[in-house]
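Encoded as structure tokens, the structure appears first; notes follow it.
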Amino acid sequence: MRPDPDGGAPPLAIEVNDLTVAYREQPVLWDVDVSFRQGALTAIVGPNGAGKTTLIRAILGLVPLAAGMVRILGRAPEDARTEVAYVPQRGSVDWDFPTSVLDLVLMGTYGRLGWFRRPGAAERDRAGEALEKVGMEAFAERQISQLSGGQQQRVFLARALVQDARIYLMDEPFQGVDARTETAIVEVLRELRARGNTVIVVHHALQTVAEYFDEVVLLNVRRIASGPVEEAFTDENLRLAYGGRVPFLRSAG
Amino acid sequence: MELLHALFFDYTLRTVALGAGALGAVAGALGSFAVLRRQSLLGDAISHAALPGIVLAFMLTGSRATPVLVLGAALAGWVGTLFVLAIVRRSRIPEDAALGIVLSVFFGLGLVLLTFVQRSPTAAQAGLETFLFGQAATLLEQDVLLIAGVGSIALVALALGWKEFKLLSFDPDFGRSMGLPMTRIDVALTTLLVVAIVLGLQTVGVVLMSAMVVAPAAAARQWTDSLGLMVVLAGALGAGAGVAGTLVSSMGRGIPTGPTIVLAASIFVGVSLLVAPGRGLVAGRLRLRRVRQQVREGESEP
Amino acid sequence: MNGVHLEIQLLAAVVAVACALPGVFLVLRRMALMSDAISHSILLGIVLGFFWVGDLGHPLLILAATATGVLTVALVELLHGTRRVKEDAAIALVFPALFSIAVILIAQRAGGVHLDVDAVLLGEIAFAPFRRFEWNGLDLGPRSLWVMGGILALNLLAIGLFYKELKLSTFDAGLAASLGFSPVLVHYGFMTLVSVTAVGAFDAVGSILVVALMIAPPAAAWLLTDRLPVMLALSGLIAAVSAIAGFHVAIAFDASIAGSMAGMTGVAFVGAFALAPERGLVAQWQRRARQRVEFAGLMLSIHLLNHEGGARAEVENRVEHLSEHLRWSPDFARRVVRRAERDGLVVREGRDRLLLTPLGREAARHGMVQAPPAR
């Protein structure tokens, strides 16, 4: 564990209090209280339109808050941007953009480089290592449009790894990827946890929640339940989150 | 060869070609970002919106000096961009309609002012109508210096903010998540685009200037998968279109320069789309045929 | 006011309405800038047609120009279909090229002839009354009034006959296809209508101002209504009023009539943008101020409900906590609480602890249910 600057109990990785977010006067999240423990792998699950993506975008400061507040490692979010790495949804960018895999991964270093500085040899080395971790080192010079969906996802993950942050927020990294990519991502998640990092993942597949994650947040516009998987991930809570439409997937898993 | 001789020794032609080339380079390089950000038609709106700014600048100062008019154009282009943003953000009107309204209404206001100026007895023919289709022949040495000077500053600014502009074009939310001021970076890049456009208005005109922003970039994109190379190549193709258009229009009588430059750039696009290696349509067709052949050979083998 | 002025105003109104009607569907289909592309490239059709028949009044010119308009749509789709350029870039590549060819051709062969560059940009509505339509020596009015009247009638007829198809393919292309309307056929049929209209209007107001007449009045109307028939009627009305107002402004300042008409459509749009009863800036601002307190009251109820009986209820339900956690200023928090008390959503226990009333609990549950299940 990292030493805690304040001495006492380690602060929470992220603390969200009374968070309300509205798009065009339509509330998407209502008064959500939730906290994320340091060093844990946490899944955010809930039906479509439950506000899962909005929750992590609100934490990242990408959407305006109607009310409530967010603390990251006990600090105001603006003061903690370099502590947080972000893996957006794969479909959020244009993969026909003229750039190479290595170049894309290097974008993860821009936050700390400062104005006018270009990434140098040190940054390239780190990007190479990150690509190795996700098994994409052979593709470094490849143009990004030539990647498969799973490869795109792993490159996005590598970009977050070079951010060298303490908290990782990932938006549906398992969505539509091949088995090999899924394994690679899970391995990276476990390694991050082993090094004391916090990982928060918007997740769709209920059958893998118990296998991959320590904690879970069930969300449907408001927080339904949260806590360790074995306590919070109950049939009762799932029914509350998904209404009558409890996905059959869980009984299969 | 006579043409090349003229290019080197005919002072007027050389001046015009240099000006058109410099503007092509600046517009091509900065246009690459507009094309990649799907803002091709923003350039059209900006160039049309510039017209009332040009006429107002003349009406307020009484000066026909290029820097004054260019400044007026830049301000009006900027205001037009702000209008588009405000309409999209504050109403249900989608971006394409907002662009259409701004470009046509600003242009209409510009024409009202222009006809008003032309008919008022105090101001004789101001020569402002050259800004409609451009008149490269009116380029003076100091105009070329202005284009080259301001254009160079814009290109240096582009180089300085390179990685931020790249990030803005590819994944602005990711940049914001790292705490980078993406809105300000967006403002900076849009300002550079406005600069590139207004520099070209005297040569190519408000009606066709957007093509100089889009065409070299669209052509360059076909040849490379690297953003750096694309920007350099777009600049080169833009300059090439500027010089080639000037030369061709100097060969005959009454061939307008602006449309000729635009046509040259359009031909570059057509050729690039067809024959560029990799992305070109011919290369794609050949690849397809090769794959089919391999499949067939694979089938014929036992 | 003389007869010529009356005829110009009548023509201006007819042109504006004829443009605004197909414009409604262009705006709704997110194809507003196709009008920009079409209105430019029809010049090439006019020039080529003119070289062919040698008479600017020949009906064949309208045919040739319309064909180039449709060709533009096809070229944009072809270019976009190669997947080598994005759609916006495809539009921005096609029409400048065609327009450039046209301008060069004009400069080459039509110099001195009636086709001059000013006419391309400004239109010639001021001269329209001087070209008369005569039949057996009988003066039947300006020729362009007959042409534009015909195009307006064609638009009314086409939109009337194919209203269902247009509406369906605009709002739900998938459903339209499954019901057996070919989206491609509707699309190209509609684009032909846009092209014919642009060709007719081009003569009067020039190539760029056609865009203003096609886009601005429908956009203004869209801010005023949700219903398609009302939007069509309003667009026509706004277009006609803008055109006539534009004429008078132009006469007063001795400036371009077409430019002034375009300017007036802009004024109409800005007016709707600022003042539309529900969607205007002023209405948005008023509603936000009002809703902020209502919304806050609901949020307060939900907040209390979420923490009811919870371990931290003691803390969460204090008035002073609200300003801290919900990011409300103490002043605003007091206002919200006062209003919630008055509405019977909460009661105060002791000095500053808040409790939900049954009504407040109901409101909170209802509020959360109302929160949309889908984005």
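Each chain carries a letter (A, B and C) given by its place in the written order, and its residues are counted from 1.
Definition applied: a residue touches a chain if its C-beta (ideal position, glycine included) is under 8 Å from a C-beta of that chain, and two chains touch if they have at least 3 such contacts.
Here the structure is a predicted model, which is why all the values come from computation and not from measurement.
Fewest steps needed to get from subunit A to subunit C, stepping only to touching chains, is 1.
By number of C-beta pairs in contact, B-C leads when B-C and A-B are compared.
Remark: subunit A and subunit B have CA centroids separated by 40 Å (rounded to whole angstrom). For the pair subunit B and subunit C, the distance between C-alpha centroids works out to 26 Å.
For subunit C, no residue reaches two or more other chains under the stated contact definition. Multi-chain contact residues of subunit A (touching two or more other chains): none found. Residue positions 221 of subunit B each touch two or more of the other chains. The touching residues of subunit B, counted against subunit C in their complex, run 35, 38-41, 43-44, 48, 87, 90-94, 96-101, 103-116, 119, 129, 132-133, 207-208, 210-211, 213-215, 217-218, 221-222, 252, 254-256, 258-260, 262-263, 266, 269, 273, 279, 281. Of all residues in subunit A, only 17-18, 20, 22-23, 25-28, 30-31, 33, 47-49, 65-69, 221-222 touch subunit C in the complex they form. Partner subunit A is touched in their complex by these residues of subunit C: 288, 291, 295-296, 299, 302-303, 306, 325-328, 367-368, 371-375. For subunit A in complex with subunit B, the residues that touch the partner chain are 57, 60-62, 78, 81-82, 84, 86, 88, 92-94, 97-100, 103-104, 107, 110-111, 113, 115-116, 118-119, 143, 145, 159, 163. For subunit C in complex with subunit B, the residues that touch the partner chain are 27, 30-33, 35-36, 40, 79, 82, 84-86, 88-89, 91-93, 96-97, 99-101, 103-104, 107-108, 111, 117-118, 121-122, 208-212, 214-216, 218-219, 222-223, 249-250, 253-256, 258-263, 265-266, 269, 273, 279, 281, 284.
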